[in-house]
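Right after this note come the structures.
After this come two complexes, each holding chain A, first together with chain B and then together with chain C.
And now, the complex of A and B:
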C-alpha cells in the first residue's frame, strides 16, 4: 500500500507566536509590570533616590530572592520544602561562626563550603523523602525542627561575624546597589538559564507536571527528586551566606527560619510557580521577592501603620494568584 | 524457522488477595504480530505492566532473545529492547513536543519521519502537548518507540483513539517493521483488526493463557469462545418478573441524546420497578455515563430527565437531591473506611447543610439496625474499612436505603465479590426494584446479568448499539460488546 499524501486537517492550527510568548512568559511580564509600578511609587515617595535607597531595596530582598529561587526549583519538581528557611538560618549561623575574625579571601572559601553543606543537607532531605515514602510536607517539617535546633546548638545566641570586605563584596556597601544586583542576575544567568534548557531541567518540569507519565517515559523520578532538593538546599546555603554578609552576624532564632520559609513560598507563588508543580521559573520569584520587600517600605512612606504590611502582602498574593489562576483555567477551558 | 524472541513462562502476580495472573506462558516469534486477547479482568493489563517494567512479577520468568530478564522500571525494559506504547500517552502536558522528546533522548528528525509515514507532516514541535488531540499524542508516542527499533513492540489498545484512515497507515508501517525483523505484541478489543493484522493470537482468561492460535483458524467466534471458557456453576435463575408499565408512564430516568466526553447521542430510559443492565468492554464510556448521571459532569448536549424534571446538577449533591444516587465501582471512594458502619450508613442523611446539631444516635439506631438486618451485613468489624469486600458493597448500597432515592445507579457492584454475597446482592437489587425504584446497573459479569436485569443495553465506542433480552447467552453478549453483529 503506497502512502497517501498527508492530510493537513489532522494537525491543529499551531498557536501563534504571540500566544505562545504570552503563555510562557505572561506571568513574568505582569509581575515585572507590577514591580515597575511599585518601584516608581517608592521613587516618588523619597526626597532623593540614590545608591543608598536602591541598595536598601535590592540587598534587603536578596535573602528572600535566593530562598524563593530554591523553593521554586523544589515546587516545580512537584515537591515542597518547609525546612528551607531553617536551612538558611543554619547556614547563616555556621558561616558567621566560622567567618568570625577571618579575612575576606578566607570568608569566600568558607562561603563555598557552607553552600556545599547546604546542598548536602538538601540531598539528605530529598533522600529521606524518596526512601521513606513519607509525604514531603511531613519530612521537611521534621527537618525544620532538626535544623532549627542545630542552628541553636552551634550558635546559641546572635553572634559570630565576618570580614568587612566580604560584606561589601556580597551585599555592597551602604550606597552600593550593584553587588546585590550582579550576584542575583549572575546566579540566574550562570546557574538557572543553562539548567532550564538542559535535560535535567526538562526532567524537573516533567516530574512536577506529570510524575506518572515521566516514569513511564523512563525518567528516573527518584533521582531527579533528590537533585531538586539538593539544589534547593544549595540556594538555602547561598541565602544563609548572603544573610551573614548583609547583617554581619548569625541569628539562630527559629522564628526567623519559619518566617523565611513562608516568604520563600510566597515569593515562588507570587512569581508564577504553581504549587501543583511543572510550571514557572526562577526569574518570577526574584521579582516577587522585591515586590514583597517594597510593600512595607511603601506603606511606611505613605504613613500607614507598617504593621499592616503583612496583611497587605497577604492580600496582594491572594489577588494576584487568584487572577493568574483564573486566567490560566479560562484559557484551558476554551 | 523463526526463533522465539520473547518467552514468558509461569508468570504469576497477585495484589494482596486478588490473583491477577495465575500462570501465564507466552511465546512471540521473531517477525510476527501477536495479539493478546482477554475479557475485563483476565489479566491483560497486569501482563502489560510486568512486560513493560512498571510492575514486577511474583514468580515466573521472562526471556528476551534467550537472555533471562527482570525489569525494575520502564527504562530498563526499553534498554533491553522491549518498548511499550501505553494506553495513557507517556507525555507531559505542560511541556512542548520537543521537550518531551528530549526527556527520552529521542531524535526529533527520526520522530518527524516516523510521523510522516503515518500521514502527519506539519506538526510544530514547539506546541505544548496538552494542546494536541489525543490521537496525535498516541502517534507521537508510537513514533518515539518505533525510532528505538525495539525487538518487541508492545501496543496497548493503540487503535482505540485513532481515526480509521490513520489506523490503516499505522498498520502498513507496523507490517514493514515486522518484515524488517521486529515483533509486535498487539493488545486490542477490536477483533476485526486482530483478524486483519495479526499472525497469531493468545487468549487470557482468569489469569492464565488458555489458547494460542492463528486468527484465520476459527475467526472471531473462536476468540470470543476462548475468552469465555466453560460456563461456571449455574446460579439459580430468578423467576421471570413481568414488568407492568405502559408507554405513557413517565420513566423514572430518561436519558435523551446525551453527548459528553466519549459518549455520542446516548438515549435510553429506566422505568419504575425496572432493572436495566448495561454491559461494555473497558473504556467504552461507561464511567463517563455514570458520572454524568450522578451529576459530576455537565453534558455537552442532550438531557437527563429524572421523574419528569430535567437534571441540572452542579455536582452530585444536586443529583442526590433529585433522587439519583450512585454506588461507584471503587468501594474505597464510596465509603469512609476509618469510620464505623453506622456513620457510613447515615452519612447521606447528614450531608445536608442544615444538620449541624447533635446526632441523635438512639433515634437512628433503629433505622440502622433495620438496614443492617435487611442487608445481612456482618457488623462485627467496627470500622467500615475492615469489612470484607462483599459487606462493604452492601454498605455502599445500604446507606441509600436509609435516606431514600428514586433511581439507583450501580457501577459494577459485584466485581471481586464471592458468590454467596453476590446472590444476596442480586436479591437485594430485585427487591429494591420491586419496591418501586428504577435501577441502572453496569456490570462486567455477563454470565449473571440474566439473574437481575430486565433488559440489557450494550455500550460500544460511546454509543448504545444494542438492546438484548436478559436471557441472551453469554457468548452473544460478549460478541455484542465487541461491536460484532449479533442475531437476536
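And now, the complex of A and C:
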C-alpha cells in the first residue's frame, strides 16, 4: 500500500509582538496619538505655555475624566448608568454644602464621606437593577430624576463653598497642573490597575463580554453587577468632590447632570470602551476626556466660532465610533 | 389516587393580564387619574381634562418618536434637539408663508433622521452614540444659526396656524392638538400593525440576524424608522412652540427622558421587537397626570422630581412584575 507524501504540519504563525500590541492597545495608542496632536496644536496656538495653560487643560478635564472612568467600569460590565452625571451633581452639592466654612483637613474627611455616599448610591442603583429586572437604561433614567431632585433639595441654588487649601490640593492653584495630573494618575494606578488584574476585574470583563457564559462559568453575575455600579457611583462621588474643588461651589441644575452623563459616555466610548461591554480600560476615557476638553479650546484659539465646538465634538464622537465599529467588523470578518 | 390538576382553561388573572398589558396600563392610568382628581377637583371638569390632554400631546408625540426607534432596538437622544431646531426654523422663516415654513421645519426632521439612519443603519454606529453625537451637532448648529447674521437670526414669529392648533379647542374638553395626536396615532398603530414595513420594524427589533438572513434590507428599514422618528420630533417641536409661545434652543429638553419613560411604561421594550404606540399614549397620559398630581401637592420642585423618578421606577417595576414580562432578554 502506498502512503501519501506527508503533508506539512499546519502550524499557525505565532502572532508578532506588534500584532498583539495592536490588538490589545490599538485604540489606546491611537487616542494617545490624537491627544498628542491636539496638544501640540494647542501648544502652538499659545504665545506662552506655562503652568497656567497646562493646568487649565488638565484640571478642566478632571471631572469628565473621573466620570468617564466610572462610566467605563459600568459599560465594561455590560451595563450603562445614565444617572452618573446626576450623582456627580449630587456629590458636588453635598460636598459644597458641608465643606462651607470648614478648614482643609475637615474638607478632606468630608470628601471621603461624600465619595462613600456616592458608592452607596451606586449600590442602590445596581441593586435596583438586579432585583427589579427592569433594564438598566430605564432604572438609571428614573434615578436621574431622583438624584437631580435630591441635589436641588440639598442646594436649591448654586452656592456652598470649600476651603481654599482643599481647592489647591485637589485642582491645583491657577498655575499648578501637578495636583490634577497626580490625582488622576494616582487613582488610575492605585485603584484601577490592581482591580483590572484581580479576580473581580476579570469577572467585570466576563459579565460584560458574555453574561451567559460568565454565569455558566460560576460568576455571581448579580453581585458583580452591583459592584460595578457601586464603583461607578464612587467615581461619580470623586468627580463631584473634584467639581467642588475646581469651581469652589455647588451647582444643582439638572441640565449639568444630563450633560455630564452624556460627556461621560462620550469619553468612555472615545476611550475605547465598547458599548457592548467586555472591552476597554480606564486610561482611554481619561485621555478622551482631555481630547474633548481641548477641542473647544483649540477652536477658540483658531478664531473659529466656539459654538461650532459643539458641532465638532459631536462629529468627532460619531466619526470615531464609526471607525471603531468598522474596524471591529473588519476584525471579526478576517 | 390520581392527583387533582388545575383545569387548563383557568388561567390565572396574572397570565391574562400578561397577554393584555394594555389593561394593566389603563388600570394604572385610571388609578392615577382618580387619585389626582381627589386632590385636584379641577381634573374632573371639562377644563381640567382639556388641560391634561393639551399637555399630553407634545409628550405623546415625542413618545411616538421614541417608540418607533425603540421598536427596532434603538433609541434617539436627539429628538428634543431636532424639535428645538425645527421650531426655530419655522418661527424664523415664518415670513415665507405657512406652508414653506412648516415644510422647512419638517425637512429639518427628515434631514436629521436621514443622517441618524445612515449612521445607525449603514455604518452600524450604536444608536445611543449616534443620536448623542447628533444632539451635540444640532445644538451647535442652532447656536451658530442664532449668532449675528446666522440663518436663524432675526425676528421669530410663531406661525398663527401653529398657535391655533397648539392652543385652540376643538370641542368641549378636546384641544385642537389632539387632532394631530389622533392622526399620528392612527397612522402609527395602523402602520405598525398592518403594513409590511410595520412587520419589518418589529422583526429587526426582535431578531436582527434572522431578519437579515431572511432578506430584509436592514439599512432601508432603519433609515425609514429614524426619518419617521425625527419627523415626529419636528412636529412635536412645532406644537410645543405653539403652546409656549416662543422658541428657545433648549425648550423641549425636559421631554427627552419623559418620552423614553412614557414609551417604556407603555410596554415598548428597550431591546426592541415588543410594544406599540397605544401603550405609549397611555404612558404619556399617566405621566402627565402624575406630574399634575405632584404639582397639586404643593411641594417644591425638588421633591416633585424625586417623587417623579421614584414613581417611574415603581411603575416600571410593577409593570415588569405584573405582566411577568421578562424585560431582560
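Observations, loosely collected:
Everything below uses one rule, namely that the second predicted complex is superposed on the first by the 320 of 334 C-alpha atoms of A that agree within 3 Å, B and C clash if a C-alpha of one lies under 4 Å from a C-alpha of the other, contacts with A are read in each partner's own complex, and residues count from 1 in each chain.
The rule we apply is simple: a contact is a pair of C-beta atoms (placed from the backbone, for glycine too) under 8 Å apart; a residue touches a chain by one contact, two chains touch by 3 or more.
Not measured: the values here are computed from a predicted model.
Set side by side, chain B and chain C differ in how many residues of chain A they touch, and the one touching more is C.
In the superposition on chain A, contact of A:12 is made with chain B only, not with chain C. When the two structures are aligned on the shared chain, A:220 is found in touch with chain B, with no touch to chain C.
By the touch criterion stated above, A:138 is placed in contact with chain C alone, chain B being left untouched. Of the two partner chains placed by the overlay, only chain B lies in contact with A:20; chain C stays clear of it. In the superposed model, A:205 makes contact with chain B only, not with chain C.
Legend: residue contacts after superposition of the two complexes on their common chain; A:279 is shown touching chain B, with no touch to chain C. Across the complex, chain C meets chain A through its residues 75, 77, 119, 123-126, 128-130, 132-141, 143-144, 147, 250, 253, 257, 260-261, 264, 269-271, 300-310, 312-313, 316-317, 320, 326-328. Against chain A, the residues of chain B that register as touching in their complex are 52, 54, 73-75, 78, 86, 88-95, 99-100, 102-105, 116-117, 119-124, 126-128, 130-133, 136, 165-166, 168-169, 172. On chain A, the positions that touch chain C within their shared complex are 80, 128, 132-135, 137-139, 141-153, 156, 254-255, 258, 262, 265-266, 269, 275, 305, 307-318, 321-322, 325-326, 329. On chain A, the positions that touch chain B within their shared complex are 1, 3-4, 6-8, 10-12, 14-15, 20, 23, 199, 202-203, 205-206, 209-210, 212-220, 278-279, 332.
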